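Several structures are given next for inspection.
In what follows, subunit A forms one complex with subunit B and a second complex with subunit C.
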Partner chain A sequence: MLTAILTGFLFSIFLVFAGKLFKGKLSLLASFVPLSLFVYFSQFIIPVSNGEVILKSYEWIPSFGVDLGFKLDGLALLFTLLITGIGFLVFFYTSSYLKGHQYLDRFYGYLASFMAAMLGLVLSDNMITLFVFWELTSISSFFLIGFNNTNPASRASALTALGITGIGGLFLLAGALLLNNMTGTYAISEMLNMRESIIGNEYYFLAVLLIFGAAFTKSAQFPFHFWLPGAMKAPTPVSTYLHSATMVKAGVYLLMRFTPVLGGEDLWNISLIAVGGVTMLYSAVHTLFRTDLKGILAYSTISALGILVFLTGLGTQEAFLAAAVFIIVHALYKATLFLVTGIIDHQTHTRDVTKLAGLNKIMLPVGIAGILAAISSAGIPPTIGFLGKELTYEATLHSETLVIILIIAIVLTKILLLYAGFVAGIKPFTGKLPDEYANVRKPGFILWFPPVLLAFLGVIFGVAPFLIESSIIKPVVAAMGADISDIHLALWHGFNLVFIFSLITIATGIAIYFFIKPSAKLEARAARFDSISPETILRNFNKLFVDISYFWTGFFQNGYLRNYISIIILFLVVLVGYILIGNTNFVIDYHSFSKLTIYEIIITLILIGGIFYTVFTQSRLSAVVGMGVVGLAICLIFVIYSAPDLAMTQFSIDTLTVILFVLVLYKLPKYLKLSDYKTRIRDGILSAIFGTLITTLALEVLSEPVNKDISEFYAQNAYLEAHGKNVVNVILVDFRGADTLIEISVLSIAAVGVFGLMKLRLKMADRKRYQDK
Partner chain B sequence: MRTTIILKTASNYLLPVLLVFSVFILLRGHYLPGGGFVGGLIAAIAFILHAFANGLPNTKELLVIHPGFLIPVGLSISFLSGLAPVLFTDMPFMTGLWSHDPVAILGYVGSALFFDIGVYLVVVGVTLTIIFTISESA
Partner chain C sequence: MEVLLALMIGILYATGIYMMLRRSLVKLIIGIILLGNGANLLIFFLGRITKGAPPIIPGDAKVFSEAFADPVPQALILTAIVISFGLQSFAIVLVKRAHTVVRTDDLDEMNATDEDS
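Take a look at the complex of A and B:
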C-alpha cells in the first residue's frame, strides 16, 4: 500500500528527469498512473464491503510513536476511488486541455504529487502522518493555483490559499499533539476505543476546536471560505480535481473520520450544524451574484461542502448516509460542470455566463454532459442527485432540534444550488448561438469524454443505486460509527413530506432560473458588501500586522550600531538589575586580598589610561588603538592570574580586531559629527551602570558556593580519557568537540557572509530598485 | 601604502617563523597552552603582517589559493575526524581514537589532533577571508 501511495511522488520525481517525454504526444500516458491506482484500489471494494478493515503499518519513528500506519476502511475507500478515478479523468483531460503547454510536465508532476499526498491523507491512520500528507496537499495546491506564475493575481491567490490551509494544518498538528497527550497514541484506530476518556477529558473542548480549525480552513467553511473562489485562478483541471472533487473534501473527511472519536456531543454537533448551515446558505446566495462560470461553481462548491459539514453535524445514521451519497453526487456533477466549463473556456476563451448560449450546436456531447450534471445537481430524478437530496431532506426532518429552521435553510440552499447548476450546465447550451461563437471549433474526444462519462455515471447510479449501496455507501456509514443494517437506497421513496419538499425545491429553483438572469449589474450590487466580508477583514488584519512589524523592525533595527548596543545593554541592565537589587549578599573582605604587586598596579594604570584615551580622543583610529591597549592590558591580567590559554587567544583576537577596525576606518573621514553633549552623558551613565552591574555580578558569583563537580571531572579525566594535559584544549577538541565543530561552522558561515556582502557590488540601478521597495 | 623597508624586510623572515610557531602552538595544544584556534589566529596574523608590509596582491600570490578554500577543507577534516570512530570502530560520533605508541616529537597522536588541525585551517581561512575581503573593499 505504501508503494501505491508513493507512486505519485515517484512519478513526479521521474518527471523531473523525463519531463520532455511527457510534454508531447506521450502526455496521455501520464493518465495511466491514476488509472492503475484506481484498479489497484478497486480490488479492495469486495473485502471492505464485507466489513473488513485493511491495516498496514510501516515503522517510521517508533521512539515517538510515529509510524506510517495506513487504514483502508469504507470512508478511506470512497475517497481513494474518487481521488484515483477522477484523477484519471483529469489527467486524461489535461493532456488535451494544456496541449503543448510549456510546463505541461511540471503540471503533471504537481498533479501526481497532489494525488499521492491526498491518498496518503485519506489512508493515514497515524495523526502525524495525516498531518504531513495534509500539508503536502496544501503545498501542491499552492503550486497548482499559482501554475500561471506570470500572473500576479494567480500568485496572490495561491498565497492566500496556502496561508489559510497552512494555518489549518498547524491546527491539525496541535490537535494531534493534544490528542496524543490525552490518549498516549497517534493512531486514530486506537483513539476509537478511548472515546469516553477523550470526551471526559478537560481538554476535549480544545481538541475539538483544533480539529474544527483544520477542517473548516481546508473545506472552505465560513468565515474561511474566501480562499476557494480565489483558487479558481488555477487551470480548470485543477479546479475540478482539487478544489471541488477531492482536496476541499479533506476537511469533511477529517470531520467524518473523527465523528466516532469526538462526535456525538452537543459541542461537536451544534457547531457543525451552525457552521455548515451558515456556509451552505451564505455561499448559495452568493451564486446569484456571479457571472463567471467558475465563480458560480466555486460558490456552489463551498455551499455543497457546507451541506456535508451540516450533515455530519446532524450526527444520525440517516445524516451519515445522506453525506456519503452526497459526496458521490457532488463529486460526479461538480467535476462534470467544471470540466464542461473548462471546455467552454478552452474553445470560446470566455467564461462569462451572460455571453454564452446555444453552444450545444457546436459541442453536443459536452452539452449533454452539462445538462445531465445540472439535473443531478438540481436533484431531479432519475439522477443520483435526486437520491442525495431526498436523503438530505429526510435526515434534516428527523433532526432533534430546530427542525423548521434547518429545513428552511437546507431547502433554500438546494433551490439556489439548482439555480447555480442550471446556470453553469444548461444556460451555455440552450438558446440562440451568438454569432461571435459561430466559428468555435468542436472539442476533441479527449476533452469531452471525461465529463460525459461522469455525467452518465450520475444517471446510472441514480437508476441503479444498488451498484454502490453495499459496495461503497454502507462501509462509509459504518466507518462513521453508525448502524448499517437497515440501509436501503432507492430512487422512489413514496409520496411523503420529503417528496413535497423536493417538488417545491425543483419548482422554485426552475422559476428562479427563468426570472433571474445573471448579470454584471447583480455582481456589482454584491460587490458593495465586500468591505464587510471576512476576506476584507482578514486582509486588513494582515495589513495591520505587517504595518506593526514594519514599525517594530524600524524602531529596533534602525541601522545604527550604537543604538543596537545601547538597547542590548539597557535591556540587560534592567533585567539583571531587577533580579540583583536587594538580592546581593556578597561581602568584600579586604583582609583576604592578596597583596598588590607592582605589575598589577602598572597594568591597571595602563588600563585606565587606555580607557580615558579612548573616550576623549578626537579620531576614530586612535580610539580603536586605545581599545586595543585596554584589551592587551586585560590579557596581561589573565597572564598574571594563570590563564595562559585565555591570554593567548585574547591577545590574537585583540590584534585582529584592531587590524579589522583600522582597515575599515582607515578610509573613513575623521569624526564628522561627534555625538552631542547630552548623548554622551546618557551613554556614559549607561556604561557606568553596566560596568557596576557586571562587577556586582562577578562578586556575587564568587560569593556563591561553586559546584566544582564539572571542573573536577574534566581535570581528572582529561588525561585518562583523552590523553591530554591541557584541560581547556581537551574540552574544546574532545569532551565538547561537537560544540567546537558547530562553532567553526558558524565561523565559516560568517566568513561566507562577509565575503558575499562585500563582493556583491550592487549596481546603482539595482540599489535604487531595492531602496524603492 | 607607505611601508618602511625595515618592516618589509622583517616580514619576509617573520612569516615563516610565525607560521612554524603557529604549528608549534597547534601541536602542543593537547599538553600545554595552545591549540588549533590560537594557532590559526597566529598564522592568520602572520599573513596579515606580510600583507601590510608587501601589499595584499603579493600575499595573495604567495598563498596561491584563496584562503576561503581552507574553510571547507578544515571543516571536512574536523568532521571526518569525528566521523572516524563511527566508520572504523563501532563507537559513537566524536569518540577519541588514539595511537598505541607515542610518535616522535608529537607524542600520542589521536583523532583529536586532526580535529584541531581542522579548526586551525578553518580559523586561518575565516580570518583571512574576512580581513582580505574587507581590506579589498575598503
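Take a look at the complex of A and C:
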C-alpha cells in the first residue's frame, strides 16, 4: 500500500529526468499511473464491503509514536476511488487540454504529487502522517493554482490558497498534538476506542476547535471560503480535480473521519450545522451574481461542501447516508461541469456565460454531458442527483432541532444550486449559436470522453443504485460509526413530504433559471458588497500586518550601528538591572579585600585620567596617546596582581597598536565632532548607566563562592605532566595547545587581510569616481 | 582595591560604549579597544585578584606549596589580548582604506553597499 501511495511521488521524480518524453505524443501514457492505482484500489471493494478494515503500518519514528500507519475502510476507499478514478480522467483530458504546453511535464509532476499526497491523506491512520500529507496537498496545489506563473493574479491566488490552507494545516498539527496528549496515541483507530475519555476531557472543546479550523479552511467553509473562487485561476483540469472532486473534500473527510471520535456532542453537531448551513446558503446566493462559468461552479462547489458539512453535523444515520451519496453525486456532476467548461474555454476562449449559447451544434457529446450533469445537480430523476437530494431532505426533516429553519435553508440552497447547474451545464448548449462562434472547432475524443463518461455514470448509478449501495455507500456510513443494517437505496421513495419538497425545488429552480439571466449588471451590483466580505477584511488585516512589520523593521533595523548598540545596551540594562534590583544584597565584605597602597591609587588615577583624556580630546593623535596610557596602566595592574605574562603581552600589544594607529591614521582629516550636544548627553547617560551596571555586577559576583577546580588541576599537573613551571604558559602551549594553534591561524588571517588592504592599489578610475562624489 | 578596580572596569565599559556610539570611525575603533580592555580586566577581576604570587612554580618545587594567582583567567586574557590585536589592526587598516576610497570618516556617509548609489 505504501508503494501505491508513493507511486505519484516517484512518478513526479521520474518526470524531472524524463520530462521530455511526456511532453509530446506520449503524454497520454501519464494517465496510466492513476488508472493502475484505480485498478489496484478496486480490488479492495469486495473485502471492504464485507466489513473488513485493512490496516498497514510501517515504522517511521517509533520513539515518538509516529508510524506510517494506513487504514483502508469504507470512507478511505470511497475517496481513493474518487481520487484515482477522476484522477485518471483528468490526466487523460489534460494530455489534450494542455497539448504542446511548454511545461506539460511539470504539470503532470505537480498533478501526480498532488494525487499521491491526497491518497496518503485519506489513507493515513496516524495523525502526524495525516498532517504531513495534508500539508503536501496544500503545497502541490499551490504549484497547480499558480501554474500560469506569468500571470500576477494567478500567483496571488496561489498564495492566498496556500496561506489559508496552510494555517489550517497548523490547526491540524496542533489538534494532533493535543489529541496525543489526551489519549497517548496518534492513531485514529485507537482514538475510536477512547471516545468517552476524549469527550470527558477538559480540552475536548479545544480539540474540536482545532479540527474545525483545519477542516473549514481546507473545505472553504464560511468565512474562509474566498480562496476557492480565487483558485479558479488554475488551468481547468486542476479546478476539476482539486477544487471539486478531491482536495476541497479533504476537510469534509476529516470531519467524517473524526465524527466517531469527537462527534455526537452538541458542540460538534450544532457548530457544523451552523457553519455548513451559512456556507451553503451564502455561496449559493453568490452564484446568482456570477457570469464567469468557473466562478459559478466555484461558488456552487462551496455550497455543496457546505451541504456536506451540514449533513455531517446532523449526525444521524440518514444524514451520513445522504452525505456519502452526495459526495459521489457532487464529484460526478461537478467534475463533468468543470470539464465541460474547460472544453468550452479551450474551443471558444471565453467563459462568459452571457455570451455562450447554442454550442450543441458544434460539440454535441459535450452538450449531452453538460445537460446530464445539470440534471443530476438539479436532482431530477433518473440521475443519482435525485437520490442524493431526496436523502438530504429526508435527513433534514428528521433533524432533532429547528426542522423548519433547516429545511427552508436546504431547499433554498438546492433551488439555487439547480439554477447554477443549469446555467453552467445547459445555457451554453441551448438557444441560437452566436455568429462569432460559428467557426469554433469540434473538440477531440480525448476532451469530450471524460465528461461524457462521468455524466453517464451519474445516470447509471441513479437508475441502478444497488451498484454502489453495499459496495461503496454502506461501508462509508459504517466507517462514520452508524448502523447500516436497514439501508436501502432506491430511486423511487414513494409520494411523501420529501417528494413534495423535491417538486417545489425543481419547479422553482427552473422558474428562476428562466427569469433571472446572468448578467454583468447583476455581478456589478454584488460587487458593491465586497468591502464587507471576509476576503476584504482579511486583506486589510494582512495589509495592516505588513505595515506594522515594515514599521517595526524600519525602527529597529535602520542600518545605523549606534542604533543597534543602543538598543542592545538598553535591553541588557533593563533586563539585568531588573533582576539586580530585586536580588542585590550589597553586602560587601571589605575586610577580605586587599589593602590599598599608594601605587594602586596612582595607577587608578593615571588610568582614569587616560580614559577621559582619550574620550574628550579634540585631536586624534592625543586620543591615541591617551589610549596608550590606558593600556600601560592596565599593564601595571597586571604587574601588581601577579600576572607577569599578561603584563608583557599587554605592553607589547599596546605599543604595537599605538604605533600602527599613528602610522596609518596620521593622514586622516580633522578629528570630527559629528554629533550635537543633546545626542552626546543622551549617549553619555546610557553609557554611564551601563558602566554602573557592570561595576555592580562585578562587585556582586565577588560575594559568590568561586570554583577553583580547573585551576587546581592545571597547577597540580603543570610540572608533573607538562614539565613547565610557568602555569599560564603551560596551559597555552600544552594543555590547550590546539586552541593556541587556531589562535595563531586567526592572527595570520588578520595579517593577510591587513597586508592585502595596505598593498592593494586602487585603480585610478575608481579613485576618481569616488572623489567626484 | 577591589572597589576601585570594579569602578575602573565600569568606567572602561561606559567610555567604550560611549565611543562606539559616535559617528566617527576612528572613535568607533577606540571604543572597541577600550571595551576590550574593560572586558579583559573584568575577567581578571572575576578570577579574584592576588598580590605578589604569580602562578609560577618555585624553582625547587614540583607543585605549589602556598597560595598562587589563578592561571586560567590569565591564559584566557592572554589569548584575548592577542586576538583583539588582530581585530584592531585589521579595523585600523580598513578605516584607512575606506578613507582612501570614499574620503570620509563619518559612518553615516558610508550607508550604501553598492558602488553606484
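Here is the rule we go by: the second predicted complex is superposed on the first by the 620 of 773 C-alpha atoms of A that agree within 3 Å, B and C clash if a C-alpha of one lies under 4 Å from a C-alpha of the other, contacts with A are read in each partner's own complex, and residues count from 1 in each chain.
The rule is short, and it goes like this: a contact is a pair of C-beta atoms (placed from the backbone, for glycine too) under 8 Å apart; a residue touches a chain by one contact, two chains touch by 3 or more.
None of the values given here were measured: they were computed from a predicted structure.
Engineer: Determine, under the contact definition given at the top, whether A:Pro644 touches first (subunit B), second (subunit C), both, or neither.
Structural biologist: Both partners, subunit B and subunit C.
Engineer: May I ask you to decide whether A:Ile653 touches subunit B, subunit C, both, or neither, giving the answer as first, second, both or neither?
Structural biologist: both
Engineer: Report for A:Glu535: first if it touches subunit B alone, second if subunit C alone, otherwise both or neither.
Structural biologist: Touch status of A:Glu535: no partner.
Engineer: Could you look at A:Ala750 and tell me whether it touches subunit B, subunit C, both or neither (first, second, both, neither)?
Structural biologist: both
Engineer: Which partner reaches more residues of subunit A, subunit B or subunit C?
Structural biologist: The partner making contact with more of subunit A's residues is C.
Engineer: Could you look at A:Val727 and tell me whether it touches subunit B, subunit C, both or neither (first, second, both, neither)?
Structural biologist: Touch partner of A:Val727: subunit C, not subunit B.
Engineer: For A:Val664, is the partner it touches subunit B (first), subunit C (second), both, or none of the two (neither)?
Structural biologist: both
Engineer: Based on the superposed arrangement, let me know which partner A:Ser687 touches: subunit B (first), subunit C (second), both, or neither?
Structural biologist: In the superposition, A:Ser687 touches subunit C alone.
Engineer: Quick one: classify A:Glu52 as touching subunit B (first), subunit C (second), both or neither.
Structural biologist: neither
Engineer: Looking at A:Ala738, would you say it contacts subunit B, subunit C, both, or neither? Reply first, second, both or neither.
Structural biologist: Only subunit B is touched by A:Ala738; subunit C is not.
Engineer: Residue by residue on subunit A, keep only those touching subunit B in one complex and subunit C in the other, then list them.
Structural biologist: Comparing the two interfaces on subunit A, one with subunit B and one with subunit C, the shared residues are 644-645, 649, 653, 656, 660, 664, 667, 725-726, 728, 732, 740, 747, 750-751, 754, 758.
Engineer: Note which residues of subunit A are touching subunit B in the complex, please.
Structural biologist: 644-645, 648-649, 652-653, 655-656, 659-660, 663-664, 666-667, 721-726, 728-730, 732-734, 737-738, 740-741, 744-745, 747-748, 750-752, 754-755, 758-759
Engineer: With touch defined as at the start, can you tell me which subunit A residues reach subunit C in the complex?
Structural biologist: Per the stated touch rule, the residues are 559-562, 565-566, 569, 588, 593-596, 600-601, 604, 607-608, 611-612, 614-615, 620, 623-624, 627, 630-631, 634, 637-638, 640-646, 649-650, 653, 656-657, 660-661, 664-665, 667-669, 671-672, 674-675, 683-684, 686-688, 690-695, 698-699, 701-702, 706, 708, 710-711, 714-716, 718-720, 725-728, 731-732, 736, 739-740, 743, 746-747, 749-751, 753-754, 757-758, 760, 762, 766-767, 769-771, 773.
Engineer: Give the list of subunit B residues in touch with subunit A in this complex.
Structural biologist: Those in contact with subunit A are residues 25, 29-38, 41-42, 44-45, 48, 68, 71-72, 74-75, 78-79, 82, 93-94, 96, 98, 108, 110, 112, 115-116, 118-119, 122-123, 125-127, 129-131, 133-138.
Engineer: Mind pulling up the subunit C residues that touch subunit A in the complex?
Structural biologist: Touch residues, subunit C against subunit A: 1-15, 17-24, 26-28, 30, 33-34, 37-38, 40-42, 44-59, 61-64, 68-72, 74-75, 77-79, 81-90, 92-97, 99-103, 105-108, 111, 115.
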